[in-house]
Structures are given as C-alpha cells and as structure tokens.
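You will see two complexes here that share chain A, one where it goes with chain B and one where it goes with chain C.
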Partner chain A sequence: MKAAIFDYVRPRDLAEAARLLADAKGGAKLLAGGQSLGPMLNLRLARPRLLVDVARLGELRGIEARDSAWRIGGGVTHAQIEDAAGRLPGAEVLCAVAAGIAYRAVRNRGTIGGSLAHADPAADWPLALAALGADIEICGISGARTVAADRFMKGAFTVDLAEDEVVAAVSVPKLSGGARWGYYKFCRKTGEFPEASAAALFDAERRSARVFIGALSGAPQRIPALAAAIAERGAAACTREATEAAVTAAAPDLDVIDRRMHAAVLLRALQQVVRA
Partner chain B sequence: MAGQGIGSRVQRKEDVRYLHGRGSFVSDMMLPGQSEVAFLRSPIAHGRIRRIVKPAGSEDAVFVRADLASVKPIVAPSTLPTYKLSGQHPLAHGKVRFVGEAVAMCVARTRAAAEDIAERVEIDIEELPPLVDAHAARADRSVRVHDDWDDNLFLTINYENGFEAKAKEAAVVVRRQISLARQAMVPLEGKAVLAHWDDRADQLIVYSSTQTPHIIRVGISQMLGLDEGQVRVISPDVGGGFGYKCVLQPEELCIAWLAHKFRRPFRYVEDRREHLVAGANSRQHHYALTAYADEKGHLLALDAEVTVDGGAYSMWPFTIGLEPGQATGNLPGPYDFRGYRCRTFCVATNKPGFLPYRGVARTGVCFAMELTMDAIARAVGREPWEVRHDNLVAAEAMPYNNVSRKHFDSGDYRKSLLLAKEKIGFTAWRARQRDGLPDSRRIGIGFATYCEQSAHGTSVFAAWGLPLVPGYDQATVRLTADGGLELRAGVHSHGQGMETTLAQIAHEVLGIDLAKIRVILGDTGQTPYSTGTYASRSIVMAGGAVANACKTLLPRFVAIGAHLMQCAVASARFADGQVVGPQRAVLLRDIAEAWYLRPERLPPDVDMGGLEATVGFRPKVDTGVFSYASHAAIVAVDTEVGHIEILDYVIVEDCGTMVNPMVVDGQTMGGAAQGIGTAIYEESPYDANGQPLASTFADYLLPGPTEVPSFRIYHLETPSPYTEFGIKGMGEGGAIAPPATIFNAVNDALRPLGVELAETPLTPRRLLEALSRAKAPTAIGGKAA
Partner chain C sequence: MTPIAMNVNGQRVEALVEPRTHLADFLREHCRLTGTHLGCEHGVCGACTVLIDGAPARSCIAFAVACDGFDIRTIEGFDDDAIMQQMREAFSREHGLQCGFCTPGMLIAARDLVLRLPAADERRIRVEMSGNLCRCTGYVGIVNAIRSVVEARRAPGETGAPEPPPATTPAAASFATFAPTPSAASAAAATAAPAATLAKQGWTRFEESFVVKRPPAEVWRIFADLPAVAACLPGTQLGEHDECTVRGKMTVKLGPIVAGFAGSATIERDEATMTGVIRGAGADSGTGTRTKGEVTYRLSPGDGGAATRVTVVAEYSLQGTLAQFSRSSIAQDLGKRLVGEFAANLNARLGAVGAAPPPAAPASLDAGRLLWAWLKDRLRRLVGR
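Coming up: the complex of A and B.
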C-alpha cells in the first residue's frame, strides 16, 4: 500500500499552480492537506504523474472579513476554522461545523478547499456551505470565477472544476442577528463520515429558510418544500411526517432504513432551528 | 523495595521505552542490503490458477510456488475424529481459496518498487463458484474448497451427555438463532518478518512479530528442511498479537526461504489493507440453541447446533479443531445443568483460515449462552440477573465438573454477578428506565457472566492430537556478579506487561529490587523452550517456572551464605533478600561476588550448578484453571437513528491471585474494548462472489476512545488450588463478555417494542431493520414455545 511513483512540486503562487496543472493536461493533482488524497495515492486509486503541493501557499491561507461575508482561503484548515470560534461574528456556524469534522489530527491538515474539491457525498463542507448560501471562488490560468456552493458539487466526487482550476476561497455571507442555523449529523463513531446529515438556516425576520440534506449517493439535496413551510409556519412545520415526505421526494432512491435515518436527522437539524 | 512483589500495582518496566517511542519493532529494523517484499494476493475467492506470468525484465524479482519447491506445505494434522487435512502452501498452488491468498512474492529495494513489480505480474485464474456462506457450503458437496475432500467439513463434533432424560423434565423450551460476524483482529502492528543469514553463527536469523518464537522456529526448520540449530527466531517488540501471531504464517516461510536461498536480508511488513482482507479470520459462529428449563427458569438441558465458518485452511500447530472444540466444550458456560447435546460443524469456505482470536470461541459461546439465559428469564417472567444467578455453579460446589467435563477449580460466580448488579446500580436504573430519558432514548440494563479456561496444559492439547502439544514451561534465572537477576522465559510479552509481572514473581521469592531484574523474552537463542504466549497461559506457566527456578537457587544461596558467615548451614535461612545467620546476614551481592569473582571464598562442596537454574513448571491439575467475570452495562438506545451509547459499564472479575492489579485492569480494559468492537462495530462482510467489503478503516470500524466507556473494574481474588501462588490466566477474559452484555442491555431496552437482536455487530441498520420488522409489542413473549 505504497503510492506509485510521482513527481512533486511546490509552486510559489496560485498562478504557477494553475500553470502546472494546465501543462500536465490532467496528469497532475493538487495536494492540500492530503487527508483524502493521501489514502487514494497509497491505495493507488489516484495515480497522478505530478503532485502540486499548495498546502503552504499564503494566498490560500487567509480568513478575512468583507462587508457582508467572510472570505476563507481554500487552504485554510478545518482546525484553523475551529479555532476561530469567537472571532467570526455572523459565521459561528463554520466553527461548529469544523469542530465536528473527523478528529483533531485530520482537522490539523485537512482544508476547506480540499474538502470541497474532493466532494465526498458525506463530507461536511459541501452540505454546510450549500445551506449557508456560500460562494466558491475559483482561480485558473484564464482568470477567476465564482460558483454558488450548492451548484459546485455535481455528484459523488465530481465538481465544477476544470483541469487547471484551484478552489481559491469560499465566501460565506454573514448571518443576520435573528438568523438561526441547525446542523446535525449521525455518525457511527466519532470521526467517521456520517450515515445521514442535514443543515438548515432560518431567518424568522426575513421569513426565509434554506434546508439541505447530505450523505446521499451524490451531492447534498435541497429540500425546498420544507424550507418554504418552515419560513411560513416555523416549528409547526417540523414534523416527522413532513421530514419523511421531504426526504422521500429529495432522495427517492433511499431504502426504507436510510429514509428513516435521514428523516430523523433532518428533523433534529430543523428542531435546532425552530427551537425558541 | 517494599511493595514490588505479588499483588503490587507497580508501574510497568517496559512502558518507559514504549512511551518514549523507543520500542524496537520489525518495521524499525534496517539491515545492510535489505530488500523489501510485496505479496501479490489473489483478487478471486475461488479459482484454479492457469498461469502466472512474471513481468519481462523483473523475472528474477518474482517468486511463485514452483520456485519454492523445497518448502513443504503447512499441514496441521489432528487425531480428532472426522478431521480432514488441508495443505496451505507458502504461495498458492493449483487453486486460490480466498481473496488475499498470497500468489506471488516480489522483491525490490523498497516496498513501493516491490508493489510496482507486483502490479505487472499477470495472473490468469479460472474462476470457480465461491463458497461464501458456511451453511450453504455445508449443504453443497458439488463445489469443494479442497478438491480431495468429499464435502466441505473440516470437522464435525458430536457431544452428548444426559440430554434426553433432562430435556424431558422441562416445562419451558426456548429457541434462539444467534450469530457473530466475521472479524479481523487488527493489532496495532500487523505481521512483520525480517530474515537474514548469519554466516558466523551458520544460522538463519528470523525476526518476526510473533507470540510464539520457539514454535515458529520448529515450524520453519520443519517446513524448510533445516536443522533446528540453523534457525534462530527473535520476536522483538510486538504491537499486539491477540492470536493472529501464534501460528506459523506462510509469509514467515517465504521470507525465511528468501534469506536462506540468497543469503541476504529480506523483510515483509503487512499493511492494513492486507490485514483487513487476508486477516478476516475470526469470530464467525452461528448457533441454533434450544434451552430446556423448569418453570422457574432453571436450565435442565441444552441442545445446540454450532456452525463455525472455518475459512480455507487449518493453521499450524493448533489446527482449526481448536475453535469448534472450544465452542463445544465451553458453550455450557458457568452454569450448573446436566443435560447437553451439541453438534458442531466446522465448515470450509473461501475466506481466510480461522485463527484463534483473544477469547477463542468463548466470545461466541458466551454471546449465545447469555442471550439464551435472558430469553429464558423472559419466558418465565423473571429478572435476567435472577435467573442467571440461580443457574450459576454455586461456590460450595467447587471444584465442579460440568456437563461438558470441564473441571472448574475455584470461584464464587454468583458473588461476581451480585456485586456487578450492586455496582451498576441496578435498582436505581430500573426506576429511571420506567421514567425514561428526557431525550426519548430507551434505557437498557444487561448482564453476562462467563468462566474461562486459562492455561490449559498437556492433557487438553494432547487429546486433540496436535502436531505440537504444549506442556510445561521453563524459566532460567541467573544471579549476576553484581547481585542483579537475569530472567529468561520462552513466552513473549506483547502488551501483557510480562517484563514486569515475571520480575514481580522473582522479586517475591528473592527480594531483589525490580530495577535490578532484567527479563529476557522472545528469542530462541536466549530463552528456554516454550510454546509461547496465547490462551491466557503465560503468567501461570512461565510465572510458575520463574517461581520454581528462583526457589531452586535458595538452598544454594544459603549454603554459600552460611560458609561466608562461618556458621552451620542448618542455622542459616533465606529471608528478605539475604541469608540470615545466627549473628549476621549476607547480601545476595556478597554471594554473587563470591561465586563469580572470589571463588576462593566458596565452600569446598559448593553446588556446581552455581547461581543459575533452569526449572520448569506444570500445574498440579493441567486441564486449565478457570477465571471468571460478570459484566453489567447500561445503554441508551436511540431508536430513531439506531445509535447505542454505553452509559455505564461494570466488570467484576476474578483471576485468582493477582500479580499486579494494574496490569489486570489494563488487560481487562483492552479486552473489553475489543469486545465492544465485536458487539457494535467490527465486521468483515463478503459479497456473493466472496469479495471482502471492508478493506480499509473507512469500512471496518473499530471502537475509538470516545466509544469505549470508562470501565469500572472490581476484583474478587479466589486462588486456584492448582497453580503457583494461586494465579489464574486472564489475558483474554475482557473480550469475552461485552457482546453478550451489550446485546442483553439493548434487548432489555427494546423489549417493550417487541425487538430482540442476536446478530453482531449491532449496526444502526440492523437495529432499525429489527425495529421495522417488529410487529406487536408482545411478540417476544410469544416466541417461547
């Protein structure tokens, strides 16, 4: 279980990283925290000719406040976000989500950009950032572009990213004072990927809600009907029947046991949001 | 020096190097010119090898069975009736019989380069129908794991003792189907072996991560056709054994062969994927039990059909007979009943060959028996602890010969259960259970009691007619010139703390400071012969030998000491680590100095054996001494998602006289953590093609620190009448009862919902499936026929 042979470079900046990726024509892979890529290399499931190590690129490492959003570099680790608790007003949810990823050793290295690019269906960031309405900043040889987080992941381990592109940052809108979020995942043990997960955002003043479920066969799924019902009726809309129906509609391929688990998890996320 | 002997909680001598990361494992070793080996393993569960093509340019770096023609296959005979032989070749020969079976070995300077070569080896295998399910394999004779057999049965055991007569008296009959998943043992360190040829010693030196260096030496010399004197096996630091490393491994033979043939060092280190795939070799039993009881729940008779999914090969030297034999013999558990019938089938399937995992069969039999005990309690409408209590062998009945002719030496089984019930706070939890938890999870209370044959001796193993029968153990002790002690034993220590506990026994007899006692283990070149460390035997057998060897030196000390004091030998005695005469005393250091450095001071008739002795030990009754324990758990069951949380866990154990209670606690905790793995997490599933579905830790879950509760451990101490100091073995016990305890607790919680689970591990999916199958809340009561 040792990796097949590869070359390794540590580019000076993002532009060089993009160029290296472009030149390799699909034969290169970015290496960030290595927490997903490492095992894939060792199992020889990934066999790039070239590894482009961006783990130490300063351009990817910042956390900055913008007017209405927090901009988090793609190379920021889960641990850095976890440790920012108390210093991210309007985005405390990110600290809570980060603290629940894997365990500390993985969080010390794993990055938000790597997690989004890897796109494991059960991962935390694709779900949380979709629910929060975040944007993803992408950088390639021909410039930068932005994609909404809930459109970036196309399916299991597939994202909207060209061969030369890097996840440069995510931009997470600051929540208003009255907004509440809910995040619940069920893992068989601490540090495991979840069996079922759900995220919800509810702004009672603006009467708006966003609800997503994760740990499905593909990307996190939006639950628009339930979001609308909660925006309308609040706690009254959060019932077991409603979540069962919503899960069935959003993920019809689930068997009865998975449906039951996802519905229970969704209900718990919603209850966090509507609880007075 | 006070408080270092038997019963002292002294810190472990070995922990200094482990905690500083200075242990020396095979993976740490690097010899000049060393090559690394990667095995190419079968991707197919069952098939006939048509062709293996070595990659062009790397022909010299690839070896297949034909290249190792001089190496004998591993064949483990047994005289048990119906037992069939299965030859396991060091590399697959003719057929492959499980996914992960080694087919070729590839050699290079680095492991990665060896894997590059392995990728380029072409293997052409004609697929045969795989035998994946033991029941199906038993029924089907048309496809066979071993072509020269006429069915797929390694062994069938029929046991009967007083069954019909006792069953007739029963008022209540309870039937259950109970099963355990297949598991890997997952030691921190997997297999690892490094061998080289030492021209000066004219010896093959084999470093192997093994529990049993002496028997591996016997095995390598037999299978490779070398004189035993030409083989030295050294087991350095070993990162856990659990039974995985107590048998001769094909990889050991392969690496030894390479080093012998090419006269240079070769190393193989198993990786985690290899372990999870080729090491999925334990626990998988199925039980169909019918229990016959009176209206109060007193067990009268037990009828059992046990199926062991034996995998493809029988291991050397203990044979696969160990597992069905232990299952049949130990199923009656710690209970007092007189009617027993058991048919046990050990079935060959296309999976890795069964190995004896910590607890050997007893985790399975305890699971089956204890779930049945709870089922009986429900059928008669009594508390499970109460029915269990009434069925346990009473202390007054000891020593007790049970229905399967096991001889229980001593203990108060009932007391352990009552103490566990008290310590877990049974009455308070029953009340809380009625009120319910605020978060709507269901509370359950579970108990399990077992007794465990430890330190079996010759008569047990000889009855199975093994190729190599364990018996006595020996230890060598030597007082050094500065008054320290060197202590050598052929067992090994891989987590058990024996460098400390064997020293404590020597200290108990000789009074030498523990810091001055060096314990040397794991090297056939340095230690007397022993079959090694397994079956909870080492502290009894090697500990007994250490005590005997130390005692042998005492009269020699007294004779020299008396001479130095110029008093009569009869007027001197050994006490508190010195020889005491009428006027004064001499230290061991003085005696040592006289023997080694100033022999002119010795008495003229001094014993030429000197200050060194090798002495053996065999228990007075060698059928094993029985440790036992009662476990109690409180669980909270989340019926929405299928999650189980262990809220509290109490263990009351009795392993006779404790040499070091802290080490006993540690062994108990480690075992119990593995038992929780069996109960809730660990499983090596296979698909219909015999493909293993859990090949990384993403799919094979182990309990971690957050899943293992803080066990509350209590000790009883009933000495064994048959061993030195009354010590009993206890290395395995912790792993035996947790699955039974946790399932009984979960079933207790779910009883109002009409749900009863009996299949490990208790995954969320299994739990939710059972809940959705449950019909009426009364279904359980109705099950008792």
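Coming up: the complex of A and C.
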C-alpha cells in the first residue's frame, strides 16, 4: 500500500506552518509523528495535496516548568514524556499514561499535539488531559488562543481547530502532593486502541474531582455526580452499581456489553484512587 | 522529486525521492537493503522496524523525505554490534524464528528493549514486544531468547528484579474525602433513551427528531424545495432535479478522509400524513465505497401548532472500503450530527426566533467516528482475530 501523490514542505517556524495551512484552504494536512496519518495515507483513505511537516520545529519540542503547571510542546513525543518519569513532579501521571500508548516504536514518533488534534475517541491524551484539567494552546495565522482540554474535542476526529491552526502546547496543572489519580483502559491486545477507558483525578487541595470515561462514540464524557460522591464519601461511593449508573447517564446509547465494559473500567480507575 | 541526504548504516546516501515514498521502500529499492521487511505496510506489524536517529520506528509510515538528514540504522547495520551478536545467537538457540519475516524488526526492537530495560522480566518483555507480530513461533522462543540476553548481561549475583510498574499515585495516606468545587459544566442532559434499532440485515438504522420553529404547513413547503433542503444539508451539492427525482453529491469528512458520494434519489411525499420517503444510492470513487438507503421524514405539530416536530428515520447499507463501520452506534453518532446540523441550518434559514446564526460554510459532515471504528476493526483483523 503506497500513499497517493502529495507535496511535502517543512516550514521554518510555526507562523510559516500556519500560513501554509491557510493557503492550502483545506488541502493540506499537518504531519507531526505521522503515526495515525501515515497509515491513512498508505491506505489512501487520506489524500491531502500537501503535507506540512512540523515534527522538527523547536517551538513545539520543549517541556517547561511554569509556576503551577507543566507546559508540554505539541511536538513532544510520547516516548519523551514516558522517559521524563521522575523529572515531572506534579505531573507523574503524564509519564504513566505515555508509557501505555501503543508500542515503543510508535511512541518514539507520535506526539501529544498530534494525538489531540487527531482526536481518536479511544486515544489516551484526549481523555487524560480532560481529566487533568489541562489547557490547550493553539496557534494560527491570527494569533494564539487557549482552550480547555475537556472542550477541545467536539466529536470523533473533530476538534476545535481551524484549518490554519496548530496545537502548540498543552499546559497541565501540577497536582498537589496529596492528589490521587486513577487511569485504566481495557485493550483486547496490549497497545491496541482500548474498548473502554477511564481517568480520575482527585485533588483535595484544589477541591478538584474530575472523572471522565473515554473510547466512546465521540469525545470523553465527564462523570460529575459520581466524582462528587467519591470526593465526599470515598470508597463507600465507589461501587459497581454506581459506575453502571454513571456510565448509563453519560453514554445512554451504549449496548449492554459496552456499558458493562465501560462500567468495569471506570470502577477500576476509581479503585486506584480510593484504595487504602 | 525532492533531494534528500541521510546516513544509512554509517554511509551517506543522497537521492531524489517522491514525497510519498516511505522510508522502507527507499531503503529496500534505492539502498538495496532488503533486510527491512514490509508486512502490513500501515504501522501495525513491526516487521519494518529500523532505528531512526537511534530510536526504533516503523519505516513503512515514516516518509523518506521526512527523514532527510537523519541517521538510519537497518538490520544490515548491526554486524559489529555486541548486543545484536548475542541476540542473533539467542534467537537461533531458542528457536526465536521460523520463516524469519518478522525477525529483523524483532531483533531491532529487542535490542532497544535490552538497552532501555536491563531488569525486564518475562511479563515486561512480552508487553514491550507486543508491537512486533510473529505468525510462526507463538512468541515463546522469542521471549526466551530476549530473556536470556537480558540475564546474560546482568552482573553475576544481581537479581532479576522486575521493572517497577508504571508509577501510580504515591502510596501515601489513604483517600481523604473533601467537598469538591461544583463542576460548572454538569454532564450534558443525556437522558434520551436510545432509539430502537431494528434494521434489515447488514443495514444500519437510526431515528432522530428535532423541532423547527415554524408551523407544519410552512415546513412541509420548505421540504418540497430541494435547493433549500440541500443548502441545509452539510456537504450537499444539488444536481439535476424535479419534484420526485434528484441527482447530487454529498461530501462526508472523516477526520483526514474526505469521501464524496455521488448518486441519485427518488422522493415520494404524502401530504395527508405529512410524510416523505427518499430512496437513493451513491458511490465514492475515491474510497471505492457504495451506499444505498432510505430516509423517511414525518412532520407533526408542536408548541400548539406554531412549531413543527420533524422525525427522521434513516436506514442504509454500505459496501466497499469504508463498509466495515456499519455498526448502529456509529450510525447514531453520524445521524445525530447530520440531523443536528440540518436542523440548525434550517432554523437559521427560516429565521426562527432564538435560532443560532447559520454556520459560515456547512462544508461537510464530520463523521470521524466511522473511520475510527473502521480502523479499529481493520487493526483487529490484521492481528488475526
């Protein structure tokens, strides 16, 4: 399987990338790690006229500590985040999530910004960053803007991104020392896209209780009532019945098998949080 | 053609390449390094794994033009490598291969594992190697071979402590309860019961309804106005039409995929029951997908006759490349978005009070969920289930 013909350009900076995307009027695709786009090109499901390769842009590559957040460049690879274990105080969860994405050969090239912009419903970053309350920094020809991660994804493969816009970075709030988080996904084969996934963050200092389920038909869904109940009552609120009810409310269209699977996965993520 | 230069196994290679040439083809056909094998050619099987700037990567989904200036190391470039020497011997000794097709990728991934995870136990080895598929060995020999190299490289007396599992929450105190800040965005009012979906064999069906803030008689007239209806349907281009037949094209955007279905339909309308039936068929030449289907709409008065409830039932089948996604939940996702956008556009067109302004360009319907399911399914079939 060989890709259909396309042109290729490697812009010098983000501004040039945005301009190239705008000039192509929808005929261009941004190429970062290419771990999702590459297969689609080879299968000729995607036939862009132009690939704009931003994989090497220094502007997208940094991991920086800010006062209360970590700023991860959109072009940082999953492997770089995985290998930062022990060096991201307050964002250890990112390293654990990154380590569970696909396979090392994929993580070496796939990027956090690419994963967010691609918006596969079963991908890890849209779910994890929604639960963490991250912000997404977007850069386009008319300037920069910021969108909350839990509002960025509009549906399957659909995000709040104009043709000329690029995910420049994500800003992940540092968790306080006592924060607890849980992350669980069920894959039929290690490294494959999950059938169900769930992420939970409980940070008492910031009074933050955020629980999301992923691998649905569209964007990750928030589970607010159960999150509040667990924050207030702990393990007592973390039951199979409660997760089944929460999944039914958040995703009423699931069939009985999917509902069970999502409820079990949510329960396991929450058990990571409340276990002694 | 684009000029590129890269280091392949320590030797500088310069060439003119088409941007669409992937790295594996470049290595095999330009450099004549045929040790890099192509299995699935879309990043699933791992047979084509090479080192790009020292890190394992799939060479079938990396484009040669994007590797301009990089150091590439293929299986032919490890003759003098001590770990690879050990690994080759271990694979032979432990029967880590039969046909040998996956072996170049296996060896490169295994060498990287040994370097990164010197304390890996069997479970970790299996997890780490899960991105490389072998259809002969059942993996037992491969895992044994890698384990023997890991153990041989361990200092005498050193125990094979497994890698710590991925960090979870620091095992500090037990969970302390707290009163959370109420979340501003309470869960979307997702209370609607799923529509019953009883479709013909191999067909998908969905039912959706929406309200137009105009009386039924006016909406009924608008529905007869095909250019007006088409203008409200995202991605639709109307062709030749009369009262009961129509030709046209509908573009559906699936993430990076754009499929344009060209086709024709017949329309039957029954004024007494305010019901219409549209039957049609179309094909997308780009993806080689054919579709046929039937859409029924029914208008009923709402809000004391000032508004109209429109109920839409759609049933369709797909054949061809994109056909794998005909699961009902996917159709619902697609249908809801399509009907939702149609309703918003229609309300905007009718100038209904409180309606959202019309979107700038209803270019096409984004139905990425279909693609997602399709890829998942394909991936699954590829790994043999």
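The rule we apply is simple: the second predicted complex is superposed on the first by the 271 of 276 C-alpha atoms of A that agree within 3 Å, B and C clash if a C-alpha of one lies under 4 Å from a C-alpha of the other, contacts with A are read in each partner's own complex, and residues count from 1 in each chain.
Assume a contact is a pair of C-beta atoms (placed from the backbone, for glycine too) under 8 Å apart; a residue touches a chain by one contact, two chains touch by 3 or more.
Predicted, not measured: the structure shown is a model, and the values here were computed from it.
K.L.:
Does the superposition put A:244 against chain B (first), chain C (second), both, or neither?
P.N.:
neither
K.L.:
Mind working out whether A:261 is in touch with chain B, chain C, both or neither, as first, second, both or neither?
P.N.:
first
K.L.:
Which partner does A:191 contact after superposing on A: first (chain B), second (chain C), both, neither?
P.N.:
In the superposition, A:191 contacts both chain B and chain C.
K.L.:
Give one of first, second, both or neither to describe whether A:16 is in contact with chain B, with chain C, with both, or with none.
P.N.:
neither
K.L.:
Just chain B (first), just chain C (second), both, or neither: which does A:5 touch?
P.N.:
It touches chain B and chain C both.
K.L.:
Which holds for A:48: it touches chain B only (first), chain C only (second), both, or neither?
P.N.:
Only chain C; A:48 stays clear of chain B.
K.L.:
Let me test your reading of the model: by the given contact rule, A:157 touches which partner, first (chain B), second (chain C), both or neither?
P.N.:
second
K.L.:
Tell me which partner touches more residues of chain A in the superposed arrangement, chain B or chain C.
P.N.:
C
K.L.:
One more residue to check, A:35. First (chain B), second (chain C), both or neither?
P.N.:
Second partner only, chain C.
K.L.:
Is there a shared patch on chain A that both chain B and chain C touch, and which residues make it up?
P.N.:
1-5, 39, 43-44, 188-193.
K.L.:
Help me check something: in the complex, which residues belonging to chain C touch chain A?
P.N.:
Contact set of chain C toward chain A: 2, 18-20, 22, 25, 41-44, 46, 49, 52, 55-58, 60-63, 65-66, 68, 109, 112-113, 116, 126-128, 130-132, 166-170, 172-183, 185-188, 190-194, 254-258, 286-287, 321-322, 329-330, 332-333, 337, 363, 366-372, 375-376, 379-380, 383, 385.
K.L.:
Enumerate the contact residues on chain B facing chain A in the complex.
P.N.:
Residues 110-112, 115-116, 119, 271-274, 640-643, 681, 696, 698, 701, 703-704, 706-707, 763-765, 768-769, 772.
K.L.:
So in the complex, which bits of chain A are touching chain C?
P.N.:
It comes out as residues 1-8, 10, 26, 29, 31, 34-35, 37-48, 51, 53, 55, 79, 85, 92, 95-96, 99-100, 102-106, 108-109, 118-122, 150, 154-158, 177-182, 188-193, 202, 204, 207-210, 217-218, 221-225, 227-228, 231-235, 249-255, 258, 272-276.
K.L.:
Can you tell me which positions in chain A touch chain B when the two form their complex?
P.N.:
1-5, 39, 43-44, 186, 188-193, 195-196, 256-257, 260-261, 264-265
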